[in-house]
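Submitted below is the structure of interest, expressed as structure tokens.
Going by the order they are written in, the chains are A, B, C, D, E and F; count residues from 1 in each one.
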Amino acid sequence: MGQNSQESDGEWRRCVCPGSYDPVTNGHLDIIGRAAQLFDEVVVAVLHNPAKRGTFEVEERLDFLRVALGDQLASGQVRVQAFAGRLLVDVCREVGAVAVVKGLRGTGDLGYELPMALMNRHLTGVETVFLAADPALEHVSSSLVKEVAAYGGDVTGLVPDLVLRRLLELRNRSQGSQGSHGSQGSQEEG
Amino acid sequence: MGQNSQESDGEWRRCVCPGSYDPVTNGHLDIIGRAAQLFDEVVVAVLHNPAKRGTFEVEERLDFLRVALGDQLASGQVRVQAFAGRLLVDVCREVGAVAVVKGLRGTGDLGYELPMALMNRHLTGVETVFLAADPALEHVSSSLVKEVAAYGGDVTGLVPDLVLRRLLELRNRSQGSQGSHGSQGSQEEG
Amino acid sequence: MGQNSQESDGEWRRCVCPGSYDPVTNGHLDIIGRAAQLFDEVVVAVLHNPAKRGTFEVEERLDFLRVALGDQLASGQVRVQAFAGRLLVDVCREVGAVAVVKGLRGTGDLGYELPMALMNRHLTGVETVFLAADPALEHVSSSLVKEVAAYGGDVTGLVPDLVLRRLLELRNRSQGSQGSHGSQGSQEEG
Amino acid sequence: MGQNSQESDGEWRRCVCPGSYDPVTNGHLDIIGRAAQLFDEVVVAVLHNPAKRGTFEVEERLDFLRVALGDQLASGQVRVQAFAGRLLVDVCREVGAVAVVKGLRGTGDLGYELPMALMNRHLTGVETVFLAADPALEHVSSSLVKEVAAYGGDVTGLVPDLVLRRLLELRNRSQGSQGSHGSQGSQEEG
Amino acid sequence: MGQNSQESDGEWRRCVCPGSYDPVTNGHLDIIGRAAQLFDEVVVAVLHNPAKRGTFEVEERLDFLRVALGDQLASGQVRVQAFAGRLLVDVCREVGAVAVVKGLRGTGDLGYELPMALMNRHLTGVETVFLAADPALEHVSSSLVKEVAAYGGDVTGLVPDLVLRRLLELRNRSQGSQGSHGSQGSQEEG
Amino acid sequence: MGQNSQESDGEWRRCVCPGSYDPVTNGHLDIIGRAAQLFDEVVVAVLHNPAKRGTFEVEERLDFLRVALGDQLASGQVRVQAFAGRLLVDVCREVGAVAVVKGLRGTGDLGYELPMALMNRHLTGVETVFLAADPALEHVSSSLVKEVAAYGGDVTGLVPDLVLRRLLELRNRSQGSQGSHGSQGSQEEG
């Protein structure tokens, strides 16, 4: 746009894309990439509770993200960082973020996210910005992907390659030990 | 319809009504019966995770279903089968089903079912068919029925007779042992 | 599946895909095609009210459908028919359909469709079968497509080619007459 | 309850059940009857805009209500009254009501009713009380009943007898004049 | 209202405001206070399961309520009582309540509450009355408040003072023992 | 934040807050103000259809906005502009905006906004950013405010002062002419 030519410098703004990223999915990567178009830096914040074990160790979750976000990390648009036992608003304050960015996979997600967004705004005034999830990835969540993979379903195209390989390893290992990981919750419900 | 007279033969189509059926309710039976009007055979698939215990053993869940579905089993319209640690899409492939049939008890159910339907379609192309639950049974779910029964509420008319008797037995037994089964979760919330 | 080999003949079943189809979109075509996998014949019922004018004449809506559904019409899987001032349940009774098939583009659609499905089941027992809309076409409705096209937006890939051409013609004609057709309602709201 | 014996007198409280009642349905009557269990008097307020014509004249709507609510009117539990061009909060103030009572036919209704309830509470502090609609009447609204009746559908059991007769008369009359009343909107949508 | 002058005595009606109140929030107090305008007595029923431990002991939850509701308890408008392992409908029967009062913090809450309201009405006919939560407290739930407080967030204004002090004590104690209480669930999700 | 000191210059980004603003409410102003924290310039785009008359002329709507946004206009953070008969995506392209900003007043709003956001992203890739409406203004929409004002309700605090005065004038004028403007739609519904 010609009218933008003189507008070289805007205010520098950082946002946070929070999650447990256990593991990162292509749905997460879509939102992180779009957040990077709207803000000057995206802090991908891996929030975890030291007292609770996830499917993957925090270090491995960070590795997944670093590999998948390689180019964006190199260009300085994105940063990956783990936070233990911290409120999201404190994470935002610490890294100097003006907003949290979240993807919405339909109206159900909003019912869950709205009270947290209001609480966070009440606590420190930090804004939560919602983006509509890519419809092609609407069914992709860490928990559904893990469940499908644990029962031998093919999740190619839903997670980065490295995650795909590790989910396959987990699957093979647990088959020996009789399906001990992975809940079959959603497959069982009637 | 006169125009149907010459149309004696259609394609043979099978569907799956999946669930944990722990235990079967009259809401389930309503959906199974309606599915049998739309498809040539209904496979009632009792999905379970060997590593997790339910309220009733899988064998007993199958018994409940067989007794309640007696006539439809005899006529060959319906079949009851258990599947351990299996993806729903693999169950559909194994039994040769073109569709999964699910009841919707309102818009909340859909928010939960939609990602799974999309995931299943993504995995193997299997279709999920949603039917509106009978409004008179809209409040009937296995978990709510169990909770009510565990605290002595009367669930006559909400589950088949055999299930009703067994829920009463469980209730009487657990009263001796101080209310150890049944969560009061939903009754407690504020 | 080997177990299907002996199952050559099922019951013959017909369904109705109702709508105003003013005009048909690729979202409609997706649902019609999927309905044809589940039923032996799909009657695409163009419901209209003689007292109300649509964007396209009923004859032209039927033409759009016939061209877009050419192969399926030829194979006898699909039939296209107009009905003036008729209840959907009477249409189903007349053509001998056991079910209505509807696409759901999210939970909002269900809130609107559920009372009608319950009413129709109350009136004649006809079943309504809901299918999850293809996420890639989730944003596609006749009204939104018409609005976008009326203001010069490119709706390639959202409607069949013939519809695309006719929408362009309408657009060019109305530009001469100062934007007289098409509501800008949804673009205007704040 | 023995503990209630000494509690003969409570505070006298009146509520308002507002609507256009064009015409009253059995769903309305269910809510009015239940409101009468919770409050000492129910004012059934027929709100209308003199500048807009409904399907039935206001006087006829009042007649429908008076006939259907005969016993409750006689006992003084219920009162029927028309209000032209008035805010609901002003109606409440005028009749001395502490609350508005509304039926909810699912979560969709709430999305529509919540802003009005909040607005009314903001304006005068009047409370809005929501009751869950009887599931057996969940699909019953004045507009859907009128549409079904206009196209010859049988709405017996969904509206009081007098309304049923008048809807039939309207239907017969409009058939002569080529379906000029009644929108077929919801039957047409795709 | 002059027209109310002769209406000194209404029927005496009691309602129940059920919950785990673990702990009471200002959102609960808002609903209890509004229920007291609509009914002659409010029984604040602390429902708990002896087999499950909450964050606070039942006795302490009752204390929080008694202190916060001091004036209303003294005036006889409100009563606080604990019930162990009981169905809500049995609680209502025991105390002679005609209705349950619940706050709705949006349409999501309704999806959860509606089946229970219908079940309770099915069981004993007891009515559930829904009030729209105060928007200023829409984000306030016992679980979110506990989570925020556990991670050092300031919940002043969201809970009564006594609760605020006790949450601070819990926070200080658990910091010594390495974050052992409080789930970080909602802060972690992506 | 010390870590921000060297980050003086970010990319310059513009967003659009679209609407009919007929008239602007305090809910709009809240969203515009928050958008100005996230982007370097906000274009408040008054979209209108020359063929449809609103309550206020476009020039007057612009005046309302200019007066209410005085300081932000002066500082160059905000710009107000009218667009006739234009697609929102074309407006964004013309002014060089990377995003549309919309307020969400609950999950109902999202059901309406999501298809448009997906359509706009499909058309040109423009992003839609959703912010949670201030709960204290959740019930405030142009249409509800106009309806309340038209029937004499006090909307002080819901709209800017100038709008309040003009709504009063309209009210007084229309009282002379017998309630000819303003729909009473939502007040009438049952």
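One rule holds in what follows: a contact is a pair of C-beta atoms (placed from the backbone, for glycine too) under 8 Å apart; a residue touches a chain by one contact, two chains touch by 3 or more.
All values derive from a computational prediction rather than experimental measurement.
**Q** The A-E interface: which of A-F, D-E or C-D repeats it, judged by over half of the contact pairs being the same residue numbers?
**A** Matching more than half of the contact pairs of A-E: C-D.
**Q** Pick the pair with more C-beta contacts: A-F or C-F?
**A** A-F
**Q** Once you find the CA centre of chain A and the CA centre of chain C, what distance in Å lies between them?
**A** Roughly 37 Å, centre to centre.
**Q** Please compute the C-alpha centroid of chain B, do the same for chain C, then give the distance between them in whole Å.
**A** 31
**Q** Between chain B and chain F, what distance separates the C-alpha centroids? Give it in angstrom.
**A** 47
**Q** Give the residues of chain E that touch two or more other chains, as numbers and ranges in rising order.
**A** Touching at least two other chains: 106-108, 111, 114, 117-118, 135, 138-139.
**Q** For a test of understanding, state which residues of chain B touch chain C in their complex under the given definition.
**A** By the definition above, chain B touches chain C via 1, 3-4, 7-14, 34, 37-38, 40, 94-96, 98-99, 104, 106-107, 110-111, 114, 117-118, 121, 127-132, 135.
**Q** Under the definition above, what is the set of chain E residues touching chain B in their complex?
**A** Residues 17-21, 28, 47-52, 85-90, 108, 111-112, 114-119, 122-123, 142.
**Q** Over in the complex, which chain B residues touch chain E? Could you list them?
**A** Per the stated touch rule, the residues are 105-108, 111, 138-141, 144, 148, 151-154, 158, 178-180, 183-184, 186-190.
**Q** So in the complex, the part of chain C that touches chain A is made up of which residues?
**A** 106-108, 135-136, 138-139
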